[in-house]
């Protein structure tokens, strides 16, 4: 935790800012949300690391998808991810978003969430404990340091592919594409 | 056992078997033509709460078994003074090829969502049902998912697997 | 008919009465010659009358002109006293008569036209006679002609309502004239003379309280025609069922002449000043009753009839205060009422013809179909309510000023009541104006203006209203001298019996 | 430049416009604008003359006098300027309406009669022009048919009652002093007893309170404002209702004189103290009623009643600060209420007469200039520091606090906070939020409507930042009434008990806003996004159903609605129906049977004789 | 000298405000038995927010937030911070009253532009709450101004310097208590946090604020915390000779208010206004009557 090393702040304030103030939007889909309250209250205080639950995706930079993703919920997840401001990180919580988990053969769940939205980090475990969240957070810090937490860049570069996958899974989407095709930057 | 109700049922309908399932349940099986009249009789005798309609797919015997679960909704009727409430499980079976049945809405309005669900997941068409539109599922399915002959693994492999990965992971694979 | 006594040049006032009377009787003969020109005779006669009256007006201001008929010396002969009041009224009658005559050229088409014109001439000559006469029996004779011709004219339309209301008018009029005759008989019994000036002189000498009973009879008799509160029950039916031109004359002239007679008797003959407080209350009562009844009407002509009662109440109130300013105000209000009410009836007449029914609700959208007539109606309404640029404002202003000058608390309360009456009057007139201009008429008709011959009199009325309203000095000169003549009896007696 | 020429031009112009209208509407509109602008220029160059009297007419033996002084010049400038602006505004608004000649005739007639009122030197011409103003306004209020007719009738009845009261006052003055010239009256009135003065003040203030919509006599205003044609609303709300204010100033300070007027009555029941309390009530209750309104023009109408209360409190307190606060607030209120009505007019013009606040929304995207005008208008109405409303309210509050009327100051301040609620409701429902589908292709307001808005917005800011200019004129008015002058500087009031310096505030706000803008610039440039892309918990935005307007202050409504039913209006209606039934009753006197009629005649005769015997008259 | 003050006082206000925010999160955490973020966490949040690329709903959306921050900053210039009061001579107490409504109006305008019902509901609650606490607040301030017979706040502070705190002076005691009762409403914290209720209406007016906008909003929130407490200290606790005592007084008041914030649940808007219009208004009214009696 290099939070109070001043030189780092001076060199890369944005990166340090993002590391130590991860405002999280919890997308309580499946069974994972049970693990979140204990992590932010007295016993495992997440706020020590600067992680704070916020109400709307506009104010957040960490997107925590906890639990299995049904086809219907995918629509809301995509919408929320697109409404978050640009340097944003998404973390899949539990085994279900990774590869479908125990619902691997269910007709109604999404198996590989990162086919539809970019995921920066995964937390394995069929409902990992709160400590796992903090491990993920520290892991995310290192990713941010090494500029590897570039989910939002991948989303912008390969938006066409993501969009195609989304339309393939969900049929028609009610909102226009986030990046119109000419912004290839 | 509430004999007056049992006798009334057996006398009214032929081809009806009544046997106690376990401590406070009675299971009644009747043929599909007499189901509605049985339901209305039971309703007039205090069983005014249709708890659930569900369906069992006996694929070998090529029949669907519709199960109506009724209970007495806070009814302090003379039938139940001596012991706590008993639930009635009413079963009937219909052919599997072209599953067709009449809707129970005229007797129990709250049957509407149950029948919609059964229609969506088993493909049983209920005449007289106001709107048999999809309730839970996002996508269209050729064979309704809850049927035994629906192979989920094959469905998953030919719907979700062809979707390619994106970015670095795609070229790695 | 020897020449009149001591006046230099100028036509003889007797012409004002004789010429219309002559033509009235000559009409049936002219009728044999050619039916068409009958309509134009009244116009010519009143044109002549107006010219004579206006010529006499300046002469009369200094010295009233006396005319004796029948060769006897003053106390016994039938004489005309053409003072400023008399000539002012005859000019007013001539002007109104002329304009309404022009209006009837196009308004009266069906029915016995010839009889209409005869009665019309008779009515106005009788009115001029009442105004000019100097002795009370002559007053009674002219008064009878006036009443009879107005009974028949009210029934001219010939429908059930017309006949019924004229019969009611006849009965009340008959009762009134019989009371008047009794009063005159008593007076003649007491004082042996019929000449007003002579009577006034004797009453002054013997004290006016003794001659109270005849006065009471005469006032009640004349009061009926003057439409004072308890006596005016005939007015609403008569004015609403009469043809509009007749009701214009009736409420424009006949009532004023009746009120003039009452005032003449009260002031010059008896001069019972302590009795005036009763008439003040009566005036205010008449005003309130008139305005309130008008407020609850939805027939346009009945509403105008009731508003005439209201205006008469106001004029009576002004006369009853009996100060110089008050009487001037009263006379000014008479003129503004004649002009205003005449304009309103003429405008309402053609609106009813075009819209088919007398209901106010049927007048919707008249602003678009008959813009000029609607404008005339609006100006007449605004003038009667007393809004500034029109004649109603200076007259009402004078009356209220004179009433306030009385300093007595009772008068302040009465002023309050009168202003309440004005507010109610404003309410129902503006309601009608709104119906005419701002109510959406159901089906869309094209412009269907009143004929030109009807528009000319309305236009002249409008000019008179606005001119006098903006520049009241035109009439205030004449009004002051008329008021002074009415007020001081001694001067009247001295000038009539040198 | 004599005043008669001015009035002749004003009235003549109105009639000529009507006649020109018959020829072609283009000439008529051009002529109407020319007339109003020339009036503004003529009055402007009247600045210097003070107190020149000239008899222009004799009416029933009374001389009618025209005179100018600082007070009348100030009001005349406001009247003619706002009149010109509303004429320019109505060029476009009235283009395809029927009977526009009548509309222009009446509009110019109202402006002319207001000028007549202001320049009249004696009470008779004051009354004459007052009446002409009333009935021409009546004809204009009931211009668009339907409910406007009832509103017009209610207006004309109440203003007739007012003018009758004034007539009695004028004539009682004439009866006691034989002259109606204001200047001579001012000297003669010194000798009058305080009882008579009280009677005079009450009679005159009834007439002026009706016109200025003081609390108990305000019921005509909301209906009249809501139904009058919107361009006329500017003149009606801006200056016409403030003729009541001019009347109050005239009677309290010019004729009766400040010293006598301010100590009429004893202790707590002084005349000016009760008037101030009436003004305070007029601030609070209508402001809270305005919060409940869902119709744009009704909301502005109730707010105009509320703001009228400030002016009355200002002049009724009786100090030079209060007086100048009241007069300055009259001008300020005229400016921003006219601006707001013009914005409502522009919205109506573009949406085909839509007035209901709940079915509008998101117009900032389509009509940006109207939005800027409304924003400045409501900030003036609320009194935000850089606008003119703030300066006049500051003056009123300061004098209320320092003179020791804390509860009056409390009522006035609560009025401001109520005002914020309905001002925000007004701008939020019309301009912010989702743009409904059917208004997608609404264009900007035409230039002839935008020009007056821009001028008025500039005036709000100009008077807000440099209040010294108008305050200097108002100070001369105050001194002409005999008050001590407050030292006015270009940027506000410099006095030891609390100075106001608007230029410091303006400079501070400017610098700080630039700093805040730079702070915003630090972050990367924000992506502008469509109106559908807002947070809805992941769901797509439903079309046309995503603008929260109905029951905007719902928790507040439940608390204040039971207290705010308009009791006074209900009482007036009951009184009117009682009179109606009374009239129907009296009509029954004429029964229709001739027998009764004859019986009346005989009874009358008997009555006469009875009086003779009883009292031997 | 005046220019340095013009720059110094907003900076001071900013620093103290941000410090108070950090302190409040630390104390709240400590009360809830957890470590809580470092005191400098708000600074970190602001830096992170400034680096994010947010979304904007049009020009008014940007102008509104700038307008509200400017309003708060200018208000600080009018408040005396222990001898530093740059704009003391241009309007006094009345300008402060009116400036207090600039900030909510700015946020309301930009919130309204974002066309989101959550923000509209938040804004309507904000104005109703403002109306709620304004009734007692105005009575208190008027009692104060009538008692000291002046409308300039610097004058009030100097009087209190020599005649003792207003809070303990007898006529103004009730007004002081009333002010304490409505202080949480003015600061917009827990019992009256009905405006930024993050659970019910997804943080009200802030729902659509992204990176830099949210940063400015947090700074503005910090400033309004500072202003609310500084006003109370100046009016009732007699301001301060030097900055340190002023800061200590504010710290004490803030910590007390924080305890109230930590303990009480969030009131519904009707309950909040009913409460505000019942007890504090009664106390303020009686306070005003006492002041009038004392004055005569």
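By letter and in written order, the chains are A, B, C, D and E; residue numbering begins at 1 in each of them.
The rule is short, and it goes like this: a contact is a pair of C-beta atoms (placed from the backbone, for glycine too) under 8 Å apart; a residue touches a chain by one contact, two chains touch by 3 or more.
None of the values given here were measured: they were computed from a predicted structure.
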item: Chains touching both chain A and chain E, listed by label; value: D
item: Contact-richer chain pair (by C-beta pairs counted) among C-D and D-E; value: D-E
item: Chain ID, smallest distance between chain and overall C-alpha centroids; value: D
item: Remotest chain, chain E as reference, centres from CA atoms; value: C
item: Most widely separated chain from chain D, with each centre as the mean of CA atoms; value: B
item: Centre distance in Å when chain C and chain E are each reduced to the mean of their C-alpha atoms; value: 80
item: For chain B paired with chain D, centre-to-centre distance based on mean C-alpha positions, whole Å; value: 73
item: Between chain E and chain D, distance of the C-alpha-averaged centres to the nearest whole Å; value: 36
item: CA centroid of chain A to CA centroid of chain B, Å; value: 41
item: In chain D, residues with contacts to at least two other chains; value: 524, 533, 535, 537
item: Shared interface positions of chain E, touching two or more other chains; value: 49-55, 202, 207-208, 210-211
item: Overlap residues in chain C, where contacts from two or more other chains coincide; value: none
item: Interchain contacts, given as pairs of chains that touch; value: A-B, A-D, A-E, C-D, D-E
item: Residues of chain B defined as touching chain A within the complex; value: 136-139, 141, 145, 150, 152-153, 155-156, 159-160, 163-170
item: Residue ranges of chain E in contact with chain A within the complex; value: 25, 29, 32-38, 41, 44-45, 47-55, 198-199, 202-203, 206-211, 214
item: Partner chain E, residues of chain A touching it in the complex; value: 3-4, 13-14, 16-18, 20-21, 23, 41-43, 45, 47-48, 50, 52, 54-56, 58-59, 61, 83, 85-87
item: Chain C residues within the chain D interface of the complex; value: 167-168, 171-172, 175-176, 179, 209, 212-213, 216-217, 219-220, 223-224, 230-231, 233-234, 236-237, 272, 274-275, 278, 288-289, 292-293, 295-297, 382, 385, 387-389, 393-394, 397-398, 400-401, 404-405, 407, 412, 415-416, 419, 422-424, 426-427, 430-431, 434, 437-440, 472-473, 476
item: Complex contact set, residues of chain D against chain C; value: 58-61, 127-129, 131-132, 135, 138-139, 142-143, 145-146, 148-149, 152-153, 156-157, 160-161, 164, 167-168, 171-172, 174-175, 579-580, 582-584, 586-587, 589-590, 592, 594, 596-598, 600-601, 603-605, 608-609, 611-612, 616-617
